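Once you scroll down, you'll see the structures, which are given as structure tokens.
Look for subunit A in each of the two complexes below; its partner is subunit B in the first and subunit C in the second.
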Partner chain A sequence: MTQRQLDPDKIDVILATDCGSTTTKAILIQKVDGHYRQTHRGEAPTTVEEPVADVTVGVTNAATEVGELAGRKLVDENGEIIRPAQGNEGCDIYISTSSAGGGLQILVTGVVEEMSAASAKRAALGAGAIVLDVISSNDRRRPHEQIQRIRELRPDMVVMAGGTDGGTKKHVVKIAELVAPAKPRPRFGGKYRMPVIYAGNQEAAALVADTFDESVTLSVVENVRPTLERENLEPARDCIHDLFLEHVMAHAPGYNRLMDWTDAPIMPTPGAVGNILRQIAERNGINAVGVDIGGATTDVFSVFDGVFNRTVSANLGMSYSISNVCAEAGMPSVLRWVHLDMDERELRNRVKNKMIRPTTIPQTLEALVFEQAVSREALRLAYLQHKEFATTLKGVQQQRTVGDTFSQLSSGQSIVNNMTLNLLVASGGVLSHAPRMEQTAAMMVDAFEPEGFTELAKDSIFMMPHLGVLAQVHPTAALEVFERDCLIYLGTCVAAKGRGKAGKPCFRYEIEGPSLREQGEMAVGELKLFPLGPEDRARVKIEPRRGFDVGAGSGRPVEKEVRGGTVGLILDTRGRPLVLPEERTTCRQAVATWTQALGLYDD
Partner chain B sequence: MGHAYTPGLQVSERTVYRARRTLPIAGDVLVTQGDRVSARDVVAQTDLPGDIMPLNLANQLSVMPGDIPQLMLKKEGDHISEGEVIARTNGIFGMFKTPYHSRATGTIESVSGVTGQVIVRGKPIPVQVRAYASGVVSEVLPGEGCIVEAQATYVQGIFGVGGEAYGKIRVIASRPDEELEADQITSELRGCIVVGGARIHGDAARKAIECGVSAVVSGGIDDQDLRDILGYDLGVAVTGTEQLGTTVIVTEGFGDIAMADRTFGLLTSREGADAAVNGATQIRAGVQRPEILIPLSGGDGDAHGSAGAVAGTLEIGAPVRIIRDPYFGILGTVADLPTQPQVLGSGSKARVLEVACASGERVTVPRANVELIAE
Partner chain C sequence: MTRQFSKQLHACRHAVLCWLLLAAMPPMLQADDPPAAPGSLSAVDHPNDVGNAIDLTWEPSPDDRPDVKPPRVIQYVIFRQEVDGDGEWLPVGEQTYGTTTYSDKQVERGHSYLYRVVAVSPEGARSQPAATTEPATPTMQWFRKDRAWFAIIVVFVCGSVVLFISLAKRGHDLYVRPIPGLEAVDEAVGRATEMGRECLFVPGIQDINDIQTVAGLTVLGRVATHIAEYDADLDVPTARSLVMTAARETVEASYLSAGRPDSFNEDDIYYLTDEQFGYVAGVTGKMVRDKPAACFYMGAFYAESLLLAETGNAVGAIQVAGTAMPSQLPFFVAACDYTLIGEEFFAASAYLSGEPFQLGTLRGQDVGKLLGGALLLVGCTVMTIAVFNPDGTAAAIAGFIKNHILGGAGFLP
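Presenting the complex of A and B:
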């Protein structure tokens, strides 16, 4: 990696790539009228596999394409990126993320599954890794089963935690005694020394080191859980990133060369996405949730009250994993979102055919409706997993006062609170490429069930990874592009929390904006869409009936300014949690009404 | 029933197949370069380190972990047997000593004074690798295995379950669109690789397993039948380790779908020949498809490495197969390649092509929904 000193004021042209498993995406960011804007985009197949087996070839191809579109020569005769920018040639900085070759795969261990192991898992996920498994003293597997599992896995590295500082040593060493003789085999063959990061009780570090032989490279960092009340994830995350570059990347074809090219360390793609979302939430003082639904996996990112969490649902996706979504959710759960008549046997075969030929796209409306139904379930399940994982620290002793008598909150509560969620960001093929933005909004609202007032947006061309790594070297440029070009605001959803009988009054609304003036009452079970353009804002007053909450408590009115978007303002009185009618015909009728209300498909 | 044709997978009458046969860890290679081997010959073997069993002596003997090293009657590296006394407490005044009888047989790998655990390594697990292809050892990979080269008829399927299997090819369908039903499977087919035509019925697959058929190859299968055979709903297409007793390979896909004419014709022409199959499928990065390998008697005629395998760009006149509804399985040729994206029935905009179907009909489909096929 080039250690060039970069003066942010002298950076006018930025080239960023994201090397994915199948495609390398390049974007060009340029200073236009004093503002950073994403101007062009190009892509080329990723080239980490034979016969090319050199990632830089795909990068060069993608950069050449973006250069041609921009009328700017970015790659020289030797196939290298031209720097610095001069006239119509070159760029000032070049940065990259990578998830090629299946991304970064980590095995996590800890003493107690819900405590140290959960903290280590959060560190690994936050660094952008896929967690293959979590081994802990209380994970219900017997020791020989745990050993068998370790032997089967092929991680890129192992992250070990356990014990607070000064706490248990015995249990920490016991886990090390399982890992060491099991000798987890790395993906990159026999000569690769498995990196092991120890981030547990510091007093046990020497004992853990004694347990391992020379077949591993042990790094000791600060404890991820120094006390029960505190998590300290940064040192472990930083170490994961360092080892990702030193070991994993160094073994991937062409990455040594790519590392020389980039002006900032290459980041794992999901790590970069988390980075930008954190910065946005921090800067605007909001709570945000982002989702990226892919063919094989679904990533969910959240920032609530400044706390960042990320989860990867490994087998929830829209092509390779589509069959698993149907298996996990059950076909009836998928079909409840479908307002058309469909034959279940045929659908099952279609799902499997999509799984074995993952690159096909829906041609008919019926196929699209079905895929979007599957996506609702994939997103719903992924968000459930996220909520279960993103909790307050477990094992913390609570001091209660008399005032807490009626709010017996235990430790380990989910910190994800849909009522305080301000911004929901969608990305990934099925959401980004939906023919109508209304469909994207509907999938998000149905799956995530936002409550109160929530802005909806989508990542226009999935450039959050590029911006996440850019934020490390040039935060101003990253945030400016994020606001201006990355996000497409779909609008705002206002939804009442609570349950009621369909047809009974839910809330009264008054909407006042430059181009919109509406008022009325909505009954339980309805959806309404009001046009409110991307540049428009409106004041919305909601007066809920008792038993319904839009942010101020049951039956209390709320008045807020809302942002418009390409879809507009959605008022949702279907209730939270969202429960669909069980009877198939009634359910189809309800879904058909909502479909019509949002104008999702042509009749 | 939809008619099915050769998909964009390798279907080759004669090819040079190179089987890379390697051990999971270093071991002994039993062949040398130039050796002629049969599919079932063992070409390399090794011993995997045995399973490890942790014994928590400190808990069992109710002593401090730090005391365990002194209480051990056996040391690291010693062989122990199940039931053997391997440690004993000091007792009180030399009396009431408590022995610890080992729960495992193996070699003591470590004794920990921190946790009070003894790690016992079990007997090594022998692993053998067969040649898989009947042919000639073209290269020895020292300590790892070898590469066996064979001239063979080679057919890739689209999806399979079950691992490597061997047997004689027995084609029991008379046409590629004939469904494979249970009454066609008899005990005489034990140990054979049975070739059907169109969809294999669930009952037929179950009977094949009962009769000890090595493998069944057919055009399609219903998802519901696959679920019944496996006992669970398959989530992701990573297979090969199923222990069904019979490997099942489908060449076209899920549902009522006939085997491609070319594939059926090729397999029929090799009736009675010895073959090896592998149902392992992995549809992720580094795609692996199931395969049927039927070695040819060596040396006659030139082999060509990739007949039937298709790679390249779509062009007018190229034969294609549509791989998604509403035209799934239909064969035709590229009639037009409009450059501008078009709006599909789903409302999405995508680049499309026009296919002149074998039936004479002309349909427009997204470019992502066709496979190039071999003529």
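Presenting the complex of A and C:
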């Protein structure tokens, strides 16, 4: 890996690639009129598998395509990226992310599942990994079952945590004594020494080291849970990234060469996405949620009050996992979002067809409506899982007063609060490639149920991974491109929290902007869309009725400036939590009304 | 002669004056006359009893009027004659003037009686009696119809207990509101495990005959199961020898059920002292030395509650308390992380065990409480409305609730 000293002011052309499981996506970022803009994009099949078995071939192909589109020679005769940029040739920096070959897969261990093990899992997920399993003292498996499980898995690395500093040694060593004889086998290479990161009780580190032989590479980092009141994930995350490059990538086909090409460490794709979302939230002082719905998995990222969380819902996706979505949510739950008359048997066939032919895209209106209904449920379930995971720390001593007699809230409450959510970013095929932006917005609003004022945006060409890794070497360029080219703002959703009888008044609204001036009252159960262009802003005043809250408390008015977008301003009085009528005909009528209000499909 | 005539005239005048005076004072002349007799007297069997009372009702004597001053009737005297007896009229009771009912509770079931009532003047003159024409016979009733509402409510509550037990037995999932204090047991034991410290369990300072101690030992069973699963350490100092024995058996059973009988160490549960503050000194001293990460106080506590809870707080433990001692609850709430309050503490065993009998009983009791709460709410509302509209429907409903559902003839004794 070449670690050149880079002068940010002298960087004009940036090439970034994301090596996915199936395609390698390349983007070109150039300085235009003093601002960094994403100018061209190309893609090529990933070549990590046989017969090519060299990831750089796919990278070169994608870079060549971008180069051709840009009229710029990026790859030389030897198939290498040309650097630095000179005239119409080459780029100043080249960076890459990778999720090829299933991404980074980690086995996590800890003492108590909800405490140290949860912290270790958060560190692994935050680093962009897929957590294969969590082994802990209280996971209700007998030791032989735990050993059996470790032997069955083929992780890229093991992250071990447990005990506060000065806490238990017995349990930590016990877990180490399960992992050591089980000798988890790596996915790549016979000479591969399994990287084990120990991020537990520092006083037990020597005992843990004694447990392992030379078949593993043990790295001891700071405790992820030095005390139960504090989490310290950064050292473990950094170590995961380092080992990802040193061990995992070094053994993947062609990655050694790719690492030499890049000017910044290769990051796991989800880790990079989380990185850029964290930076945006931090810079703008906002709470943000990002989602990436794929064929097999759905990633949810959130930053609330500066705390970053990521979850991977391994069985919620739109192609390989579509059957599981239907099974987990139930067909009636999926069908409630469909306003057309559909035969359930036919739909089941559609689901199975999509699973066995994952790359097909809907050809009829019915197929599109159904797929988008499934996506709503997949996103909803993934978000629920995320809410359950993104919690305050457990095992923390509470301070109470006599006033708390009847409201003894326990720790471990979710930190995800839709009312304080400012920005919701969507990416993934079904959201990014929906024929109409309104459909993307509708899917997001229905699945995530944002409350109060929430901006909706989508990642135009799934550029967030590239920008995440770019943010490490050139934050200015990354944030500029993120604002200007990465996000397509769909608009703002204003939704009232609370429940009421359909038809009863919910709130009064006044909208004042250069291009929009409206006022009126909305009843419970309505959706309204007002056109407000991407460059437009408007002041919106909402006066909710008692029992409804748009951010200032029940019945209290709120006035805010909202951003427009390709969809516009959505006013939603359907209530939160969103409950659809149970009776099928009534439900269809309601959904049809909302569909019409947002202009989702042609009549 | 003239002088004699004058004397005669004077005597005549005196006689006329006396006559006039006597004529002007007729009541004084009638002072010994008996008052008028009371009106028709009726005697009926007292309803809803075991047959030991007869109720009498009569019309008041015409002289028993509030406008007559001084009153001509001072009381009524009631006489009874047993039909099959010796024919003697016995006085059985007295009632003051203005009263026209009497309940004779000195009768025997199945015997027949005749009654008389006489009005008595202040001088003791008695009126002619008012008498019953038909004999009255006290009989026993099998059901007290006046307590029908009580029966309905009892049947409703007991029926709901039986119904819920039956539902629980058939596998219906009976929802019991999660109790944060019990949910926190996991968390507290987890904290102790992560920190490598022990869990302290104090089962109160009362003996095993106190229901709170028994409830505390139920919770100990749950705590010990978790400790066994987590392979953490337990410490149970007791203030009574019998509690120690019961606690040892409870903990041993928990370790067995968790599949870790080998980890059970009976020395973890030990007797300290019966002396209240000696016990406190022993426990708090150990807390300061060993710094347990989780403290559980479950049972009956007195002045030691705050001493224990404050010490636990100071050593940084997660503390879960449970007691039904109202005076100690505020201390526990303020110093502990979670507190099981009164009923919650007793409900804990049902919540923890998940047994159909206990769950069904818990739910049935809840139905009773719900009914009580609803009646309270309706009663308050109706009574409030009745105050503003005394002749309206609300007043009628309030009267019905007061006289039939509640009150002496209803739900309340």
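As a working rule, the second predicted complex is superposed on the first by the 592 of 603 C-alpha atoms of A that agree within 3 Å, B and C clash if a C-alpha of one lies under 4 Å from a C-alpha of the other, contacts with A are read in each partner's own complex, and residues count from 1 in each chain.
Here, a contact is a pair of C-beta atoms (placed from the backbone, for glycine too) under 8 Å apart; a residue touches a chain by one contact, two chains touch by 3 or more.
In this text, all values refer to a predicted model and were calculated from it rather than measured experimentally.
Visitor: Based on the superposed arrangement, let me know which partner A:S323 touches: subunit B (first), subunit C (second), both, or neither?
Guide: Only subunit B is touched by A:S323; subunit C is not.
Visitor: Thinking of the overlay built on chain A, is A:N284 touched by subunit B (first), by subunit C (second), by both, or by neither?
Guide: Neither partner.
Visitor: Any idea whether subunit B or subunit C touches more of subunit A?
Guide: So, of the two partners, B touches more residues of subunit A.
Visitor: Just checking: does A:N88 make contact with subunit B only, subunit C only, both, or neither of them? Give me first, second, both or neither.
Guide: neither
Visitor: Is A:G162 in contact with subunit B, with subunit C, with both, or with neither (first, second, both, neither)?
Guide: second
Visitor: If we overlay the two complexes on their shared chain A, which of subunit B and subunit C does A:R140 touch? Say first, second, both or neither.
Guide: After superposition on chain A, A:R140 lies in contact with subunit C alone.
Visitor: Classify the contacts of A:M115 with the two partner chains as first (subunit B alone), second (subunit C alone), both, or neither.
Guide: In the superposition, A:M115 contacts subunit C only.
Visitor: With the two complexes superposed on chain A, say which partner A:T364 touches: subunit B (first), subunit C (second), both, or neither.
Guide: first
Visitor: Check the residue A:R348 against both partner chains and state whether it touches subunit B (first), subunit C (second), both, or neither.
Guide: Touch status of A:R348: first partner only.
Visitor: By the touch definition at the top of the document, which applies to A:K170: first (subunit B), second (subunit C), both, or neither?
Guide: Both partners, subunit B and subunit C.
Visitor: Touching subunit B and also subunit C: which subunit A residues?
Guide: Residues common to the subunit A contacts of subunit C and of subunit B are 169-171, 174, listed in rising order.
Visitor: Okay, in this complex, where on subunit A does subunit B touch?
Guide: Going by the criterion above, the answer is residues 21-22, 49, 101-102, 143-144, 147-148, 169-171, 173-174, 177-178, 181-183, 190, 207, 296, 315, 320-321, 323-324, 326-328, 345-346, 348-365, 367-368, 433, 435-436, 601-602.
Visitor: Which residues of subunit B touch subunit A in their complex?
Guide: 25-26, 49, 51-54, 65, 109-110, 112, 114-117, 119, 121, 158-159, 222-224, 226, 233-237, 253-255, 281, 283-286, 323-326, 328, 344-350, 365-366, 368-369, 371
Visitor: For the complex, give me every residue of subunit C touching subunit A.
Guide: The touching residues are 180-181, 183-184, 186-187, 190-191, 193-197, 229-231, 313, 316-318, 329-330, 333-334, 336-339, 341.
Visitor: Residue numbers of subunit A touching subunit C in their complex, please.
Guide: Going by the criterion above, the answer is residues 111-112, 114-116, 137-138, 140, 162-164, 166-171, 174, 201, 225, 228, 394-395, 397-398, 400-402, 404-405, 408-412.
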